[in-house]
Structure formats: structure tokens, C-alpha cells
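Each of the next two complexes has chain A plus one other chain: chain B in the first, chain C in the second.
Let's turn to the complex of A and B:
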């Protein structure tokens, strides 16, 4: 049975969670909403979609992968020993109040980082000890299109709890037993029957408010169609304004490319993993000077083809959650919805 | 502040290896002989690569250039071109590096048995082909005719000159060397590697071609082989993309939907022919 919590008790709930877990919640900062480590004095907001996706909690923008140290043998200065130690993060985490499109992004990461092939130990360790509290998105923004890519604004598979706001009350549905443990508190009550009916109504109207900018067929058909439009002149036309800034990859809940860099301090140091972006010209640059994707239209084509074709073929998953951030934040006004819709009409 | 737990088996954690011998082969290429500090063998296949760490500088993918027949050590031949390779060139015997691997898919040498082999190397493309040549020569009776074509820009750029002398001296190998620009007194062949093709007497139905070289060489050699009547599945090559993580996660080496580091770096031409970003 769902439970409910009134708005004035949310802060108490968050404070209690933060005593047991590292808690991430959205904070309002200079007019934007940012998912941040929770600090009671900074408060929280549930008003709009956070500007950055939740991927950074489980796949930080920069993280230590290993530590190394060279040691000289004082009796034999010619001899140097190297110690190498992998670092695995272990931290009980709760990500609180994120929209279903960001939960879909975390589900996507499970496919690429812990699905077929090698498992990524850093993501795996973080994800295995993470609880996700989703918030149903009742007023999707004009850039939202989750329903066009198989998502829902108001249901959230992969989350542990789902909150739905009705006036000053939040109805809380436990999706997993771990989630149920988070609401085993005296702060919660039982929602009235009529409230549950209102929740159903609210969910239906949220779904109806979303328009689909394009219509995808099955995933394999979509993958095939996107391959067929590889040579379309539209890639070049549509990306003429692109400035290769990479913001679309930075804020995207599914972009997972990374680079590795060493930071030395004397004889010891760390290897860091940092987000990278396939929109940067140096991304594919080889040591020889050869660059397979030198032109920006090639890089943009690779990004969308990866999300709508290659990932389907290789990992049976679509690489877009319909959050719309890349449309909202693009300084050149590039709207991938229009590009996909245009390309799908060509085949 | 952040609790950490050591995880030695991470796919991203290298294993220390010691440089036991290093030798300059040309002005820009050096050969490094390495041994794992714990004494374990690398256990690779010809065509596979390793990620080499000069800790504090970074990590770079390098193809193994020694034969798996020597389990006591493995060799890398390194052109100085970027941060990591320049730092490598500064290291001498006794220095310790980090190694991850072997990674990727080697050449399917077992499938090549009872066939003629046409091995074509351009420039430093000889590096991944050297273990292939050593392997087929050590099991010479399992293969039919072996032809090796090796093209370099200038005679000074020839790598593995001791090996070349050995290959040239063998009766059971047709080894041919060519240079683009000869130096004074050069008596050998001059021209790009495809200039050997017109006089090459080859039976395309019973021959496997293994080619490694720069993108421009692939373009012309593939065209030449197709004119000779080679089927796409009889031509094998190695792709050097920017294989950063080496384990199929980071995205840098992706050619269309193919991850070079895991599905390659060796491919048959049939496998990559339809990948539109493979040969530019």
C-alpha cells in the first residue's frame, strides 16, 4: 500500500536519511536547480528538472581510479618499485527527488557498464549501494519527450520509491523492498482513497500533456532506419550552427564517454577518470595525426547514431531518455527532436 | 573523507612490469623488452595489444611485437609521438611501467593454416606483423607459400633489421622490401608497396592477405587485392584507433557501432567493409 507524507515533514525525512546515507537532493542556486549533496541549511527544491542529470552521482565528472607510488630502494638507487592500487568507492547513497527520465538514465548505465562484456567496477560499486527516490513529473516542460522514447513522466521502473505530489501531500509508492525500508518511519501516514484516485488522474493528464515529436517503431527497426540515413545531407545542414562545445554530452543522462588522466605529485599520484565528449574534435584524434571524425557533422551524426542505432544493436537499449536537456541548453539552438523526425521521414 | 576499498582486480588497474632491455631501432622508434614484476607470462596472441602506463604521464595502447613463443618476456616497439611515448623513450633498463592486457582480438592464425600467406606491412605496420611472421615461420610446415612485402618511406626507417636479414636469407620465404625515397647507393626496390603487385604471382583463392599500415596504404592495397581477385573475407587487417580504456567502455575507438578495442583491433575486410567510418 502507498503511504503519504505532508510537505512540511519532507525536511525531517531528508534529515533522517542523511544520517544513514550520503544524500543527494536538488538545491535551488541562482535560479537553477542542481542535484547536490544534501545540506539541511541549504534546503531543497522539487520545482523543476535539475539542470544536470543524476548520472554524476554514480559516474562522477571526475573520480580517482587508482593510486600509484614509485619507491626507490635506498640501498640500491638504481632499483625502483612501483605500487599500484585500484580504488573502489563504497558509499551508501540515496538520490532523492529525481525525475523518471533520470532514473531511466541510470537504468541505461546498467546496460553499458554492467551488462555485457567487462563490468565497470566503479559504477558497479556505487550503484549496488544506491537507493533512488523518483518524483513523478506532473508538468513536463516544452522540451520533454520521454514518452516518445519509451519512457513515462509518472512511472519509474528502476527507482526504489516513487513520489507523486498532490497539493501539499506526497503519495509514496515503494517499488522495491529496499525502498520500503526508507519509509518505515513515523513521518508517513496512509493516504485517503480519494487521494489515490487523484494521483491516478494526475498521472494520466501528465502523460496526455506530452506530445511525441517523432514516432519510433520497434528498437531494431529504429536502429536499421538510422543506419540507412547515414549519408543523408541533413546531418550537415542541421549541425551547421553547432560550435562543438559538448554541453549536450555533459548534461545528457546517458552520455558515458570518458578519458583518463594522471595527476602526479612527486613520486606518487592518482589516475583520474573524467567525462569526455564525442563532440570535441580531439576525441578521436590518433597519435599518428589521423582523425576519423574531423568534421562536426560527423561527430554529431556519430552521437545520434550511437544513441538511436549502435546501442540498440550492441546493448539492446535506446540511448535517449527524452529529458530534453540537450535541446534546452544548446547554445546554437539545435533540436535533436527535429533532426530525428526529419531523418525518419527520409526512409 | 570518501571511504575507499582497494580492489586489485579492477579492469583499469595495471600490473607492474620492468624494462629488461631497450634498444634504439631508428631515430624515432625504440624496442622495449618487458617482464611482469610478479614473473607471470603475458599470454598473448599475435595482433593483441596492451595499455602501457607511464604513471604520472598517462596510458597509451601499444601492439605487442614479440612472439608468444617467448613466454619469459614481451616486446613493444614505440614511435615517439605523444606524451606517453616520449616519456617511454626517456626510460632505461630497470624502470617499472604499468601494463594492462593482453587486450582485444588477435589474428585468427589457426584459420590461416594450409593457405598461402601474403603479409603486407607499411611503415610501423611491421610492429604488429612481426609476431605473426615469427609464428608462421616457427610452424613453417603448416603454411604454404609465404610472401612478405614491407614498405617504408626511407631506408633509415626500416625496423627490425636483424629480423629482416633473417627473413631475406630464408629460402622458404619471399621477402621484399621497398622504399618511397631511396638514399644514395640504395640498390633495392623503390616505390610504394603496391608497385610489387603487377608481378606478384598469387592464387587469390588459396591465399590469406594480412595487411597493416597507415590509412592511405589500406586504401590502395585493398584496391590492388580486389583487382587480384581476393575475396573480402581473405583479407585481414589491424586498426589503430584511439583505444583509451581498452575494455569497451570509454567510447574513443568506436567505428560506427564497432568497438575497435574489443571487437578488433584485427578484422577481416569483410567485417569492416560496410562500416562507413573505417577507411576514410
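Let's turn to the complex of A and C:
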């Protein structure tokens, strides 16, 4: 049975969660909503979709994978010993109040980082200790298109709890038993029957308000079609304004490319895994100096083809959750919905 | 506005036979935004827009060092471009640096009354849910499915527009409309002066907070018409390793400070770096500080005096204000 909590008790709830878990919630910071480690004095906001997706909680922008130290033997300078130290960043974590498209992003990461092939121990450890509290989106933004890529603004498979706001009350549905454990009885009540009806109604109208900018057929057909338009001149035409920055990739809930680097200070250092972006010209720069994706249309084509074709072929999953951040934040106003719609009409 | 748009379309129709591509503004993803468009065919001229949202500095597409021949334009292409006053300063600076060729450029100029910073509407209405806008000279009405708000256009202008000293395109081949006269003197570095009143430790704290948010997407650098070092940028070289890979406030600070120094006397105050920042960092204030220094030392504002040599590109045996 769903429970409910009133707006004025949310802070109490968060305070309690933060005593047992590392809690991430959206905070209003300099005009944007940012998912941040929860601090009671900084408050929280549920008003807008967070500026960055939730992927950074489970896949931090800069992650230390190990620490190392070289040590020279003073008696035998030719002898150098290496000591390695692993890092265990694992804390019980709750990500609270994120939209279903961001939960879909985490589900996507599961495919790539713990799917059939390689299992990433860093992601896996973080993810297995993480609970997700989703918030249904009732008034989607003009850039939202989750329903066009198989998502829903109001249902959130993969989350542990789902909140739906009705005026000053939040109806809470436990999706998993672990999620149910987050519900402290004394803060929650039973929602009235009529509220549950309002929730149903609100969910229906939220779905209706989303216009599908394109219609995808089955995933394999989409993958095939996107391969067929590889040589389309539209790629070049549509990306002339691109400035090759990393905004679209960094704020994307599914972009997972990374680079590794050793950062040393003297004899000791750390091995870092940092977000990288396929939109940067240096991403495919080879040691010879050759760059197979030197032109920005080639890089953009790779990014969208990866999401709408290669991932389907390799991991049986679509690489886009329809959050619309890449459209909203693009400095050059590039709208990937229009590009996909145009390309799918070509075949 | 719509008269100016009609005139623009006529002018572009006249210019298009002389150029291979015309860079202007077209529709964006919602009624509050526009996007750069690249017009190559007469039938595309109708895609052009001119309104109070045309903030992008189109000059960023001109330096061939940013976009090598063949990747945006071919080496021999002659380009047409629409430039606002502020954007034309970037072109003047690029010409003075010998980066672009004036003979390969056809510039359409116009008077600008300032652009609307849509983020200033946030708080009054959710700007990401806007589906309709009504706009006249003084007032803007913005509508979502749930709400509507009206506001004075003058309140919503970008800070750079409020401090605008060059509302008319400075260099052009054709000019449309009547030149706008400035009615009052404006202090161009107000934002920097305000920050400097804060005192050292408060200012350090201010910037630490800003740099802690930076995700190093490089949009500020890439959108800048004067940042054309391509892969030689300190942010991209691994040897030497100028900046750490770890994205944190400390290493972000070095990147932004070094970038600001590299823009000293070159930055034309277009503010694009701050506009594109997805983390709302007012990063234009750092180059603006350098501009203030250059103004005080050499009475120089980059891109405003065609035909002169920028002070940091020349020297005098005796400098009046440097001992």
C-alpha cells in the first residue's frame, strides 16, 4: 500500500536518512539545481530537474582507482619498490528525488558496467549499496521526450521508492523491499482514497503532455536504420553550429566514456578515472597524430549512432533516456530530436 | 523588429550570390531561444530570425584555427555574417591579430537594443516549460501551460547589454536600420568593481565556490571567438602537463586564470563564456578584470578601434603608465 508524507515533514525524513546513509539530494546553488551531498542547513529543492544527471554519484567525474608509491632503496639505488593501495569508496548511499529519466540512466549503466561482458568493480560496489528515491515528473519540460525512447515520466523501474507530489503531500510507493525500509512509520500516513485517484489522474495527464518528436520502431530496426544513414549529408548540415564542447556528454545520464591518468607528485601518485567526451577533438587523437574523427560532424555522428545503434547491437539497450538536457544546454542550440527525426525519415 | 527581419532577408538575398554561406540566427528549440543557422541556398533565407534572443556571438565560427578548412568551411569560401555591435568587436580583434581575412567576409551590420537573458525570468516562471512568447519593444509576455508572466524587457537584458557602448556594428559592408545613439555614459566594468569591493578572503571564497562547480566541459573556451589555440590549449596538452586531470576547484582555478591572462587585451566582452556555462559560473568576470587593467594602462578596449595595433602586440620604449 502506498504511504504519504506532507511537505513539511520532508526535511525530517531527509535528516533521518542522512544519519544512516550518504544522502544525495538536489540543492539550489547559484540559480541551478544540483544533486549534492545533503546538508540540512543548505536545504533541498524538488522544483526542477537537476542540472547534471545522477550518474556522477555512481560514476564520479574524477575517481581515484588506486594509489601508488615508488620507494628507492638507499643502499641499492637501482632497486625501486612499488607499493599499491586500493580504494574502497563504498558507502551506503541514497539518491533522493531524481526524475525517472535519471533512474533510467542508472539502469542503463547497469547494462554497460555490470552487463554480460565486463563487470566494473567500482560501479558495481557503489550501485549495490545504493537506494534510489525517484520523483514522478508531472509537468515535463519543453525539451523532455522520455516517452519517445521507451521511458515514462511517472513510473520508475529501477528505483526503490517513487514519490508523486499532490499539492503539499507526497504519495510514496515502495518499489522494492529495501525502499520500504526507508519509510519511517511515524512520519508517514495513509493517503486518502481520493488522493490516490488524483495521483492516477496526474500520472495520465503527465504522459499525455509529452509530445513524441519521433517514433522509434523496435530497437533492432532503429539500430539498422541509423547504420543506413551513416553517410547522410544531414550529419554535417545539422552540426555546423556545434562548438565541440563537452556539455552534452557531461550532463548526459548515459554517456559513460572515461579516460585514465596517473597523477604523480614526486614518487607517489594516484591513478584516476575521469569523464571524457567523444565530442572533444582529442578523444580519438592517435599517437601517430592521425585522428579518425577530426571533423565535428563525425564526432556528433558517432555520439548519436552509439546511442541509437551500436549500443542496441552490442548491449541490447538504447543509450538515451529522453531527459533533454543536451538540447536545453547546447550553446549552439542543436536539437538532437530534430536530427533523429530527420534521419529516420531518410530511410 | 519584424521590419528589420524583412530587411535582413532582402539583404541576405542580395549577399548570397557573393558568398557561399551566410551565418545568421534561426529558430531554437523553444520560443525563448534561437540557434545559429548556416544559409547556403536562397530557399533557406526564410529560416532567418532577428529578435531579442539573438545573443550568440557568430564570430566564433570564423577563425580557421578553430575550424580548419574543410571542417566547417573550405579554405577559399567567402562567408557572409550578421554581426551585432559587440560581436563585430571580436571580428575587429581577429583582423588585428591576422587570424581572418577581411576580403573573404561580407558583414551585415545593424543596430542592437540589447538581448534578453532568459535566465533572468527564472524564479518568475519556469523557463523550461515556456510554449509561447509575446514580445514588443518594452514588454515580454511568457506563457507556460500553467502560468504566465509579463516583464519589462529592459529589466531582463544581459548585463553586457546594460553596459553596452557599441550598439551598432563597428565594421560592415551593409548596414540595416537606423544607427542607435547611446543616451548615457556607462561604466563598463561595474561587475568587476563590485567584486573587488568584497575584500580578498571573501573574493577567494566566492571564486572557490564557483570553481568547485566547474565540470571542465570546455564550453567557455570553445565558444570564445578569441580562444583559437585548438589542441595546443593548456587544457588539452598532456606534455607539458599544465593542468591536472582531476577536476577540482584548485586545478579548475588554474585553467580559468591562465585563460583569462591569455585573453588580456583581446577579450571583447561578448560574455559568451558565461552564457554557455552549464554550471552558471560568471566566468566572463576574469577576462573582464584583465580588460579593466588594459583600459587603465593603455586606454584600450579590444575590438573597438579598427586599424590600430593592440597594445600587447606592440611596444613603446617609454610607457606612460608603466615605470
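As a convention for this text, the second predicted complex is superposed on the first by the 343 of 347 C-alpha atoms of A that agree within 3 Å, B and C clash if a C-alpha of one lies under 4 Å from a C-alpha of the other, contacts with A are read in each partner's own complex, and residues count from 1 in each chain.
Basically, a contact is a pair of C-beta atoms (placed from the backbone, for glycine too) under 8 Å apart; a residue touches a chain by one contact, two chains touch by 3 or more.
Keep in mind that this is a model prediction, so the values were computed, not measured.
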item	value
Joint occupancy of chain A by chain B and chain C, clash or fit	fit
Which of chain B and chain C A:285 touches, first, second, both or neither	both
Chain B versus chain C as contact partner of A:141, first or second or both or neither	second
Inter-centroid angle chain B-chain A-chain C after superposition on A [Cα, multiple of 10°]	90
Touched partner set for A:82, first chain B, second chain C, both or neither	first
Touching partner for A:259 - first (chain B), second (chain C), both, neither	both
First (chain B), second (chain C), both or neither touched by A:61	second
First, second, both or neither for A:333, with chain B first and chain C second	second
Touched partner set for A:173, first chain B, second chain C, both or neither	neither
Least C-alpha distance (whole Å) that remains between chain C and chain B when both complexes are overlaid	6
Footprint overlap on chain A, comparing chain B with chain C	259, 261, 285
Chain B - residues contacting chain A, complex	2-16, 37, 53, 55-60, 79, 81-82, 85, 94-98, 214-215, 240-242, 244-245, 247-252, 254-257, 259, 262, 276-277, 280
Touching residues on chain C, where the partner in the complex is chain A	28-30, 33-38, 56, 60-61, 68, 70-72, 119, 122, 126, 128-131, 145-146, 209-210, 213, 215-219, 221-223, 230-231, 236, 244-248, 272, 275-276, 278-281
Chain C-touching residues of chain A, taken from the complex the two chains share	29-32, 34, 47-49, 51-52, 61-62, 139-143, 209, 237, 240-241, 243-247, 250-251, 259, 261, 263, 272, 274-275, 277, 280-282, 285, 294-296, 327-329, 331-335
Chain A residues touching chain B - in the complex, by the definition given at the top	65-66, 68, 70, 78-91, 112-113, 117-121, 125, 230-231, 256-262, 264, 269, 271, 273, 276, 278, 283-288, 290, 292-293, 298, 302, 305-306, 309-310, 313-314
